[in-house]
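Pasting in a structure now, in structure tokens, and then I'll have a few things to ask.
All chains are identified by letter, namely A, B and C, in their written order; residue positions are counted from 1 within each chain.
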Amino acid sequence: MAAPARLTREDVAHVAALARLHLTEDELETYTEQLAQVLDHAADVASLDLHGVAPTAHAMAVTNVLRTDEPHPCLDRDEVLAQAPSVEDHRFRVPRILGEAP
Amino acid sequence: MRADWQLVIGLEVHCELKTATKLFCGCPNMFGDEPNTNVCPNCLGLPGSLPVLNQRAVELAMAIGTALQCDILPSTFHRKNYFYPDQAKDYQISQYDEPLNANGHLDLPDGFRVGIERAHMEEDTGKTTHAGASGRIHGADYSLVDYNRSGVPLVEIVSRPDMRTADQARAYVTELRAILVASGASDGKMEEGSMRVDANVSVRRSTDDPFGTRCEIKNLNSVRSLGRAIEYEAERQIALIESGEQVVQQTRHWDEGAGRTQALRSKEDAYDYRYFLEPDLVPLVPDVEWIRAVADTLGMMPAERRSRLVELLEESGGATDSQLLQVATVVDLGLDDLVVEAVAGGVGSALALARTANEAATDADAARALDPRSYVELLTLEATGSLSATQAKAVLAELFARGGGDPAAIARDKGFEAMSEDSLVATVAEAIAANPGEWSRFCEGDDKLAGFFTGLVMKATRGQANGKSVAAELRRLRG
Amino acid sequence: MTAPRPALETATMVRAGEELAVDVLEHHLAVIDAGEESIHAFNLVTTELARSQARTVDAAVAAGRDPGPLAGVPVALKDNMCTRRVPTTCSSRILEGWLPPYDATVVTRLRDAGALLIGKTNMDEFAMGSSTESSAYGATRNPHDTSRVPGGSSGGSAAAVAAGFAPLALGSDTGGSIRQPAALCGVVGMKPTYGTVSRYGLVAFASSLDQIGPFATSVADAALLFDVIGGYDPLDSTSLNRPTPRVLSVLDDGVDGMTVGILTEFMDGAAPDVVARVNQAAEALATAGARVEEVSVPEVTLGLSAYYLIAPGEASSNLARYDGVRYGLRVDAEDTVAMNTATRSAGFGAEVKRRIMLGTYVLSAGYMDAYYNQALRVRTRIIEGFTAAYAHCDVLLGPTAPTTAFALGDKVDDPLTMYLSDVCTIPSNLAGHPAVSVPFGPGDDGLPVGVQLLGPALSEGTLFKVAAVVEAAAPDLAVPRITAGEAA
């Protein structure tokens, strides 16, 4: 498998937006260089021919872990809401939402 | 819909599962509780919390798959990553490329088969209310989030793009809802949001053409709005194409008040969800025994219930169109067992179906609660002529009002003693004597006048005469 | 300062009523008082909580009840384990002031075992780092030389044990975050088999790699703590529902007849003084009756790259929830997207942002298969490589870290070089296998060297047996001498 093209400033700006992070111009510069270095190092992995090798997402092969459908005690609402930055009417308050969920 | 265009519809239906607890935690799955009371570290997305899969939710999802004739497969959960305040972890746990159920189908009552691509499990989001004049997201000053619904188990049923008319889409949703209710998986309430429908709609000029560019329509809160939205959207797309423009792949919002769809976002804004295997959960691999055990608990599905009644009507020469409608009504209301019991008790299938579809159906809750033996006894009294139709209906209403009882005793209380043969004959003779002109026209072959005489007899006996017996006497006298 | 008394001995004395838990605690609080200013091992010393637990333990003993196997033993917790109504920050501004409404399973088990929760230890922010310098609350210093880093990310826990602040501590290990600081601070540190210790209540970094494990001054104490925290937990779907190896009882079994493989790939990149110590440990094992041979597992050289694709990928998703809505920091803004962005930009430090962006990138459309999925395939190859080695070796031996502790500030501006310090520890996380770091004398600079023992899944019993033999043969290491203000 061929390694993808080198990471660009635009790529970093795009992932920062996806990850809800604001970067200054200087930060954008620095992070682009640092992340590109790490990805260059990862080229050894990206360029390997691993056709037919199954991916391992879980190191230990376990299946069918289930719980019975029985209610457990819930958290105390006051304790939960006391941790929230902003609360109104027993709900978590957030600023205007600009659009529907994607 | 214009005849020179063809509509192509695929539906995505989300339904909430009727479990006691949420999909990945033991918080109650309850609609309408005080906000943020059914929450725990998991469904609030607190740091360090972990999901554990609800066995009952899996079994209800398997029941849906079984009812839709799906293959039940080894499956996994993925994370669908996107930021939104109602999403407690800012990702949704959902089945992605390895769903629990795939490759099924659903047969509409008219026999048309709709393919089911998949029916997979995922978690619901919290509920957001928007503060401000409009109460809607646009123009709101701020919003409030309640996580009681966060983590409620959902199954998303994705059809293939097999439907060609809005009627088929309506029939599909109606039938799917009946299946979800019959399987015990969901209560299927579109108005409360426990069943939500999105429609993918495209148009093309001919069956030979490839599918056109589709739009996904959201916010369809009833079967009625589903049909209206599809028809509007089809016309919109046709108008675009005919004016030389192109349909843009996008998500559109159905505005029930305005009666039109509006663009929410286009494919260019398609969100990059970065799906990857959920590392906090392990694969779900149902074995044959488990699949069979779930199937064994599954009751009869609506299609099977309908064909059971249609078979009963074979004795009277097969179901008429109006009887097919009655069959559908009876099955929709869950009253078909009453018909089957009545026929087994010796009542004719046409009578059993008609009484159930017309009278019992007016109070289906009471009818379902009724001891079937009382119902069968009542219909037997009517079938044997001990009660007239009018009397039988009155007794049934009383049975419903009392929540049960002995039909014969109720009939006696109401004074519904069956008329003796002698007094019936005498009453008919009096009616004929009083109307010689009508009688001679009846004798010359005007059969409509049978109703006239029956009405007179009924009036004279205050409904106690059996209509069939009156008709028989009239025919006897005519010779 | 005298050598600390083993936790095993303390627990035995407290359970027998020969020593009061409150006295054990006050001794350690005094040590903390004297040394913490120069070390900064803790984000929070939970003095009153520990005192109340100590009184409970003493009352139980007085009433004839057994408070449990850790009776009266102070235990320090890495600050990424949830403690009910006790701040849990992950050394991040974004969780400043957060009071979890629940206890992690390991915390519950420690409480039930009679342990005294003495404090929450400093760490790299969200466990992302190898030096504890990425903490939002300032770096921790190595008790052996306060100009050096303690390693990371569990640097606070390692330093706390090395400095005698607590005889035991818990850390979490995603790519070496227990073993590497254990090596750099001259203490024992162990990463269990994935699924052996519950992750419930451990703030996630990379969920498929994270494991909680013990720090102690001796192999026996580490075994004691591991036995308490290990075992099935129905609250963690990845918890293994099978008997957990009990290790304390097998410590003296020796290595006679075992085969130990020296992992050549780990030796290749290590400093000469570190290599010399590993060879010395190998000789000690041979002397004790083990067969020692060189073993090559070429696949492990791919571990670092695979790790820096997998761990950030998972982390980018795990850290999405810090959005300013439900808990922790919020920086207000006009709309929710702007609020999320302002909050996360102010609340996360540079290293965390780096990894979130890296992880977002490797999971994003178009790159997923080349990077993330490819790394998962490499993971398969690494497991296969280890499996081949374990077909003829009981354990593998190598350095824990390529060098002894480096100077504060040396690598902070060079992420890749920093990442390289985990090259010997990462493969065990990718494979889900257990590994332990045992101090083995000083390097040429007088600072601690750790040797690492690796085994297949659920081989903790074997690993601890071998570790005990290595420990017995280890050259002396100077006990840290901390003077207040030395770091200033």
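Quick notes on this one:
Here, a contact is a pair of C-beta atoms (placed from the backbone, for glycine too) under 8 Å apart; a residue touches a chain by one contact, two chains touch by 3 or more.
Source: prediction; values computed, not measured.
A comparison of C-alpha centroids places A closest to the centre of the full protein.
Compared with subunit C, the chain whose C-alpha mean position is the greatest distance off is B.
Separating the CA-averaged centres of subunit B and subunit C is a span of 57 Å.
For the pair subunit A and subunit C, the distance between C-alpha centroids works out to 24 Å. The geometric centre of subunit A is 40 Å away from that of subunit B, both derived from CA atoms.
Subunit A has residues 18, 20, 57-58, 62, 65, 67, 75, 80, 92, 94-97 in contact with two or more other chains. The set of subunit B residues that touch two or more partner chains comprises 41, 44, 52-53, 83, 85, 143, 145, 272, 274, 279, 281-282. Residue positions of subunit C with contacts to 2 or more other chains are 98, 101-102, 208, 234, 237-238, 316, 320, 323, 325-327, 336-337, 340, 360, 364. Considering their complex, residues 1-4, 7, 11-12, 14-16, 18-23, 31, 34-35, 37-39, 41-46, 48, 50, 53-60, 62, 65, 67, 75-76, 79-80, 82-86, 92, 94-98 of subunit A touch subunit C. Within the complex formed with subunit A, the residues of subunit B that make contact are 19-21, 25-28, 34-41, 44, 52-58, 82-87, 125, 128-131, 137, 140-147, 218, 253, 264-265, 269, 271-274, 277, 279, 281-286.
Listing the residues of subunit A that touch subunit B in their complex gives 18, 20, 57-58, 62-72, 74-75, 77, 80-81, 88-97, 99-102. Residues of subunit C touching subunit B in their complex: 80-82, 88, 90, 95, 98, 100-102, 104, 199-204, 206-208, 234-238, 313-314, 316-317, 320-321, 323, 325-327, 336-337, 340, 360, 363-365, 368, 372.
Residue ranges of subunit C in contact with subunit A, taken from their complex: 98-99, 101-102, 193-195, 208, 234, 237-238, 240-241, 302, 304-306, 308-309, 316, 320, 323-330, 332-342, 344-345, 348, 353-354, 356-358, 360-361, 364, 366-367, 369-371, 373-381, 383, 415-416, 419, 430-433, 457.
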